[in-house]
Amino acid sequence: MANNDSGYIKKELPKSVGKLGAILFLIGAVTGLIGFFIDPGRAAYSYLTSFLFLISISVGSLLLVAIEYAANAVWSTPFRRISEFLAASLPLLLILIIPLLLSVQSLFSWSHSAEVAKDPMLQAKSVYLNTPFFSVRVYVILILWGLFYYLIIKYSRKQDETGDQLLTKKNVKLSVIFIPIFAITVTLLSIDWIMSLETRWFSTMFGVYLFAGITCSALAALTYIAVKLKEKGYLHPKITKDHFYSLGTLMFVFISFWGYIAFSQYMLIWYGNLPEETFWFMQRWAGGWKIVSIFIIFGHFIVPFAVLLSHESKTSFKKLKFISIWILAMHFIDLYWLVMPGMNANGLEYSFSWMDISFLVATIGLIIYMFNRMFEKHNLLPVKDPKLQRGLDFHL
Amino acid sequence: MARSDKLYSVAAIFDKPDGIIHAAEKVKDAGYKQFDVNTSYPIHGMDNAMGLSSSKVGYVTLAAGLFGGTFILLFMWWTLAESYPLFIGGKPFFSLPAFFPITFETSILFGAVATFIALITVFFKLPYNNHPLHDTNYMKRVSVDKYGIYILAEDEKFDKDEIIELFKSLGASSIELIYLPKEEKYGMLQPKFMLFLLVVIVGISGATYFTLNKLMYMTPFNWMEYQDKSNPQESSLFFADKRSMRTPVEGTVARGFIPYPYKGIAYPKEVLSNPTLPSKEILKLGKEKYLTFCSPCHGDYGEGTSRLNGQFPTGPTQHSDKVRNYKDGMLYHIITNGQNSMPAYDKQISRKERWAIVDYIRVLQRAKNAKKSDLVEIKKESSTNGQ
Amino acid sequence: MSVDYSKDMVLFDRNPELVELEELISKPIDTRPSKKYFIALAITSTMLLIGVIAAGITFYYGIGTWGNNQTIAWGFGITNFVFWVGIAHAGTLISAILFLLRQRWRNAIARFAEAMTIFAVMCAGIFPIIHLGRPWLAGYLFPYPNSMNIWPNFFSPLDWDVFAVSTYMTVSILFWYLGLIPDFATLRDKTTSKIKKIVYSFFSLGWRHSNRHWRDYEKAYMIFAGLATPLVLSVHTVVSFDFAAAIVPGWHSTIFPPYFVAGAIFSGFAMVVTVLIVVRKIFDMENIITVNHLDKMNKIILLTGSMVGYAYLMEVFISWYSGVPTEQYVAINRAFGDYAWAYWIMVSCNTLFPQFFWSRKIRRSIPAMFVIVILVNVGMWFERYVIIVSSLQRDFLPSSWTYFTPSIIDLGILLGSFGLFFTMILMFTRTLPVVSMSEIKAVVEGAQPSHHGGAN
């Protein structure tokens, strides 16, 4: 049943891409390492921000793959491999988490026994917020992600050879199981690694907020690479503007969703005006953070919303490239804005540090490097996917 | 509809969607401008085949939506921050987060309604129930499952036979000539129309009259407004004295309120002591009450110069030695109990106000008998105040 | 039977002729209804009558006839309001969101779902108005200064509700009517009765199926879908603000907006499935509204039901995690307090029973899904009941803690709202095409040109 004359020819990326990734990663990693020696406390915060950024892109991409299977979407099938490649850093997270676990003490005030002894609120939460349980949790989460990544990708690649429809069926099943697991794990991750930086704060919406940001960034990464590959002629010629229009629309939808969630969360806390909630936003409205907050409102919502509103810009390669890079940058700033003011809660004074940049550079390098590696080894098009032909024939 | 012999258009019916797309392309390529395709559902790719540009409806929505949002935001600003500023929940008068939901809803409302109205009237030019195509065999068939195309007689290139040939060559399953309907003339003064107008006028004015003069004044039920109870000062047939208000039982004392102990005694042996301090507020209150209740008989400065031109007995001066030597409590007693022809004022003036009046009288007395040192003090004060 | 992933979803069990579709859809309008129809109508209009009487008693004697008390000022009235608004949302979801997602299967059910939206919003709109006690003063809900020159309080989520629900009603009706215009035209050209012809001509506005019109029509339809999508989300978001903007523990929770929206879609889909199961049977539309359609809808029920379950989990977990005693107390009180019975009905009906839909067999079995969707309807009603009543019954003032018992009038009005809803649906099925003819024709195989995808 599967069709195989998709007309796909495998092409190599220029050597410079892999080199660029490796160099960026090395520069970032080395300077970051120096940072850890100079000021381990400050470096931990920078590392955490970049780590969350890496998580966003990798697990977000896996989520996109899973959604495609679960929703039985066809137009995105020709793009699926890009997301699969982007998710390739997922197994590495198991190693990359170690520096963070080593610096739990410098990140989280609940990990200091002296603090806990002073504060009854921390004592009440210590059942959940304690270093052993915390480390186990994050490992369970990362292993689960790794497992699903491994299985889904394995079946997807196997299909390139066999074209067996059963493999799609298996992946559909895996995906529908992965999606609820993703929902719960991302929520736990958001509570553990971001919300608990400021131990007293809580918001039931927070997991959804992070989810919205993650999806935006994964989509933006996918769009940027897809446009870039299309321009350089790597993509199938039957992938037309209609496909990119759909990508643009999806980005538009998730940007709006992010705006909706962010507004609702802020509005309810602002309206309720309870001291146990508002302090979190007040912290982000003090000093220079106020500018960052306002910038996020515009940069993460209003600008992309306005740019992506028109039909024309959703099909224009130039605008898509611009806005996807913009969204990625904004997602990083958003994470920065979530994490960094937590330093004050931990008794540290925030100031900008070069380490923030070096870890970001390392992350970007890693993503490029892994993408290139996957690109070398595997097909860019799921050549024998049963949905591929319909996906290529897709028209609005 | 009766038809005239003037040709409106030549129409052809096709059985398959492929056929109609092909036909539309060919007709366009042949250079015809005034033609249209009729299908009971939109056909993909037809806009391209007919050479139509993309629709402009979106601009209406955008403009109307932006207008609606801006309008309501300004409106809320004007009502709650300008026209009648209301302090609500400790929020600023103009708070974007709280105004956002309504702004959003109104943008959508304006956008949707404007789009709909513009679509029907401007883009479709509907309603148009007497269009020549209506009630033709052609229309009846395309309305169900056939695909029709027609070229108007107005078209520059219009040539009946040539078009019929073209349609035949394209494989039309049938071809129909559509004639314009006969022009029907309707005079304004037809009795039926006049009658209709009359009915409309009477109906509308009657309904308006009823709404404004009757309906608006109807209360669905009035027992919440007029309840079975007596209002203050009302007469009542229930009690023998015909008064609805009852006097309390003898000896009733209001809560937290000790009755004045020297009530009814003309010259009590002892009096209350003044519980107030002559602060600014108290003196202000005292002045106000003094001017209201005391000054008509005792004069604005307590000099016993009545403002009532002898209609009432003139009250004695407050500056006699006798009065100046009264204790505060005695002055209070006189206000409370009355003296000679002066009635008791305890019903009109509250306790605090009575003490305030006493304090104010003391001020008047002091002003009348000021010492040198007072003047020095006043001078000092006014010079510092003047700075 | 396994799925073939290289093929699109089968929309019809047997591909119909266009004429055949038209006959089938217009049959209920043109034929005299059977006895069964009148029996059904009698039942629903009796329910409606009971509701009218109960509402009349409320107007005459006031809100005191309800079970509401000082502490629980929002009893059945607001529960029913939120319930019906929620039901309405499925209609817009199907007609707008699935349209934007290009889910072609929605064409068969969109018209019906939109009609349900309008009827459900009507049912919902009644409740806040009768809850006013003096409904003839409802005009002051709109921006109009009172005799003291004070304007409505635009800070109040209740006022946002007025804007949201009335906008929603307006846009839904316009959207619905826009879709009906071509169908009216088809009916007009088909009918032989003179009166019907006049009526259809009037409502079709003289539509001619012209492609120059279709171009703008399709664009406008897309715009309406684009407007209705954020609108539908905003409406239930605003409804959730009614609660979440307050600081009552159990109401003040930031997850309320998406949670309410998911819940609304969930309950609405359950209601759509409930009604469609009956309708497709009665009007022989099993070929148009196939088991595949129901299967898809059941999947959405499963998805949204799980989202609701996620929100329940988050609420319980964060209430513990917050460390705020009142929050913690509310969570415990809900699960084990006076209203534990309602809470567990809600949890089981909304999150456990829909999980049966993981099985493809159950998703495609009519009796099984009928039972489950009915349970979902019950569960979602109880969700609103639990949120409103169990949060209010233990407010900050222990001396006013109390229990809510609905009065017979409360139940009468609830019954009446169902009566209104189903009466409207029954009348709708006999007066208007329940499936959009122009939309369903467009997805029949062979109805679109073979080599024109659109782009070239």
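As written, the chains take the letters A, B and C, and residue 1 is the first residue of each chain.
Note that a contact is a pair of C-beta atoms (placed from the backbone, for glycine too) under 8 Å apart; a residue touches a chain by one contact, two chains touch by 3 or more.
If you're wondering where the values come from, they're calculated on a predicted model, not measured in any experiment.
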| item | value |
| --- | --- |
| Most remote chain, CA-based centroid, reference being subunit B | A |
| Maximum inter-chain contact count - chain pair | B-C |
| Chain nearest the global centroid, as defined over all protein CA atoms shown | C |
| CA centroid of subunit A to CA centroid of subunit C, Å | 35 |
| Averaged-CA centre spacing for the pair subunit C and subunit B, given as whole angstrom | 31 |
| Rounded Å distance, subunit A centre to subunit B centre (Cα mean) | 49 |
| Multi-chain contact sites of subunit B, meaning residues that touch two or more partners | 89, 98 |
| Residues of subunit A whose C-beta touches two or more other chains | 267, 271, 273 |
| For subunit C, residues that touch 2 or more chains besides their own | 230, 237, 241, 453-454 |
| Residues of subunit C touching subunit A in the complex | 2-8, 102, 230, 233, 237, 241, 244-247, 252-258, 306, 310-311, 313-315, 318, 321-324, 453-455 |
| In the complex, subunit B residues that touch subunit A | 89-90, 97-98, 100 |
| Subunit A residues within the subunit C interface of the complex | 1-3, 72, 121, 124-125, 128, 165, 168-169, 180, 183-184, 187, 191, 200, 202-208, 240-242, 256, 260-261, 264-265, 267-269, 271-274, 276, 385-387, 389-390, 393, 395-396 |
| Complex contacts: residues of subunit A adjacent to subunit B | 263, 266-267, 270-271, 273 |
| Partner subunit C, residues of subunit B touching it in the complex | 16-18, 20-21, 24, 36-50, 52, 54-58, 61, 75-76, 79-80, 83-84, 86, 88-89, 91, 95, 98-99, 101-102, 104-106, 108-109, 111-113, 115-116, 119-120, 123-124, 126-131, 133-134, 139-140, 142-145, 220-221, 224 |
